[in-house]
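Notes follow once the structure below has been shown.
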């Protein structure tokens, strides 16, 4: 296990690279979902403002 | 003498969240003038710019002689003259030079005709002065000379009488009347009364 | 020829519903592929005979770099479709692409420089691929800057579409010029493992990662696309139904 | 003066003409070019600004690095091209701005002429007023940075070719940022990445010229870029301006 984590001495480069990439992936997921929720909320508000049933 | 006809059907235009034009429609035949009224922000300028093909409506169409203007936009635009809020003049050119560069871009123009247009709008005395030295009303007159010189069937005028004195406003009216007598059409957005001498006038009021 | 599918793809309600239905498929297959690719790349693949375990960065660097270019191409294609046929949904898709592509471009740059340190002995080398990647990041930033600068969505859509199309024409020119420039200065290019020499145990995880990232882009794009469609849509009838409230 | 009286008395024709009197695209382009040149020479001080800027930036390098010509010779290509790029960027802001403000662009768009042609004429005028003077300044700047006299011809040719592309690429960016407030940073962000190939080939041509090598290859590449720019950029610029006018 330690050997795996050590990455043949390249741990200081391999793991940050993976961490960054998966951080970007996670950020994309969170960001996209938040955008969708915001858009849905503002669409509901707009419908309500027009006096229609949301 | 028939030069063309303008039909507008169910125009819808949005600017961001604002529904600017909500189903505007009208028909205008040769020799007719449409007076567009409405409070500020009612979409008069947007309507004129949409008619000119500068803005693209979400819905509806503009037809010239029965054909959608989008099918030959350049040909249609070559046959219209648009006068916006500001006279399209260069401050560092004289009135005459301005007309030279503006009009000769569109059509052949003889120098006497240019001079006569300047006389017609009362701009001849200051024709050789740089436009930056002219008053707003004088600039407007130069722009009117350009408009008359375009000699195109369709005029689209946005507040053509702005900054003009009473005599200047009558001038606008008579220029439009002449345009109609030639068999042309005019769409004018106005919020003052336009002293229009003769010609068939239709009205369109835009709701805010 | 039957073009109904094309017309339907221009209809916001249809695309909104379709995107909603497709998202889980993309998301789950992307998750599976990426996990499998990770296992294959980090555990199963043997160390490279020259670079040892350091080469394993390729399993995140290459997919990120691939994403940066693939997303830009998709964005430009969508933009061109939107510009030519005036399809709102296409503009919405193009707008949804940019931040995703930009974020993966950043990932490609960071992983590239993390790979560079053990291989070149420096975090940054003006290597043609990293340099092109950097330029690509600026193209993305320009695109997003232009969008942000124009308030009216319709105009922002069309102006940024022109920029995206101009950009995609320029991408090969930039890449060519950067490669040409680099070949004159003889910088070493370590960040390339000869493809023919790559054994299947190394190659298969890489392909899985590439496919997984692509599907992930699909999933994110579909979610973002729905958001973009909602902000662009004016007729309320279908929105009420789509929101299901 | 009622509608009934013949307007021709007042000098204006009584009837509308058919577009037979229309102006050829070539004549219209020439007129647009003339207009911009006339206007520019009414304000000659503005013409000098990019040149002064170019000279100033070139001067920064000896001051920042060393007065030693042998050292300056090494950075001369970079200095000249970075300065040229920035100077042409500086001038770009004025390419369409005035015309957009006073409605001239609108009239161009509505003139029935091809907007692509008219904007190409405008960009040509812009190049004649900024790119060409820059190319004339470039040999002087190169001399001051230690370039040998035989290299000057090739350097001038490179700047001539490169500045054509810079003006063309810039016209797209200027068209896109027309009615964005405080757009100069954005304009650079849009234009500079697209200008990199010019920088690369131009600097290379300069470098080779200073070293006395065969300069034809990079010059040909610069020419190829210029051709690509001439064919595609005006189309994109016209599309950009139309969108900005909307």
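We just call them A, B, C and D in the order they show up, numbering each chain from 1.
Please note the rule applied: a contact is a pair of C-beta atoms (placed from the backbone, for glycine too) under 8 Å apart; a residue touches a chain by one contact, two chains touch by 3 or more.
Keep in mind that this is a model prediction, so the values were computed, not measured.
Participant: Count the touching C-beta pairs: is C-D or B-C ahead?
Facilitator: C-D
Participant: Express in whole angstrom the distance between the two chain centres, defined as the mean CA positions of chain A and chain D.
Facilitator: That pair's centroid distance is 43 Å.
Participant: Averaging only over C-alpha atoms, locate the centres of chain B and chain D and give their separation in whole Å.
Facilitator: From the centre of chain B to the centre of chain D is 33 Å.
Participant: Measuring centre to centre with CA averages, how many angstrom lie between chain B and chain C?
Facilitator: 48
Participant: Where does chain C touch two or more other chains at once, residue-wise?
Facilitator: Correct list: 154.
Participant: Going by the contact rule already set, what residues in chain A reach two or more other chains?
Facilitator: none
Participant: Would you mind listing the residues of chain B that make contact with two or more other chains?
Facilitator: Residues 56 of chain B each touch two or more of the other chains.
Participant: So which chains actually touch one another? I want all the pairs, not just one.
Facilitator: Inter-chain contacts occur between A-C, B-C, B-D, C-D.
Participant: Inside the complex, what are the residues of chain C that reach chain D?
Facilitator: Residue positions touching the partner: 83, 135, 138-139, 141-142, 145-146, 149-150, 154-155, 158-159, 162-163, 165-167, 169-170, 173-174, 176-178, 180-181, 184.
Participant: With touch defined as at the start, can you tell me which chain B residues reach chain D in the complex?
Facilitator: 1, 3, 52-56, 74-75, 77-82, 84, 86-93, 97, 101-102, 104-108, 112-113, 115-117, 119-120, 148-149, 151-153, 174, 177-178, 180-184, 197-199
Participant: Using the touch definition up top, name the residues of chain C that touch chain A in the complex.
Facilitator: 42-43, 47, 52-54, 56-57, 60-61, 63-64, 99-100, 103-104, 106-107, 110-111, 114-115, 117-118, 216, 220, 223-224, 226-228, 230-231, 233, 236, 239-240, 243, 245
Participant: Under the touch definition given earlier, write down the residues of chain A that touch chain C in their complex.
Facilitator: 4, 7-10, 13-14, 16-18, 20-22, 24-25, 27-29, 31-33, 35-36, 38-40, 42-44, 46-47, 50, 52-54
Participant: Which positions of chain B touch chain C when the two form their complex?
Facilitator: These residues of chain B touch chain C: 14-16, 19, 56, 58.
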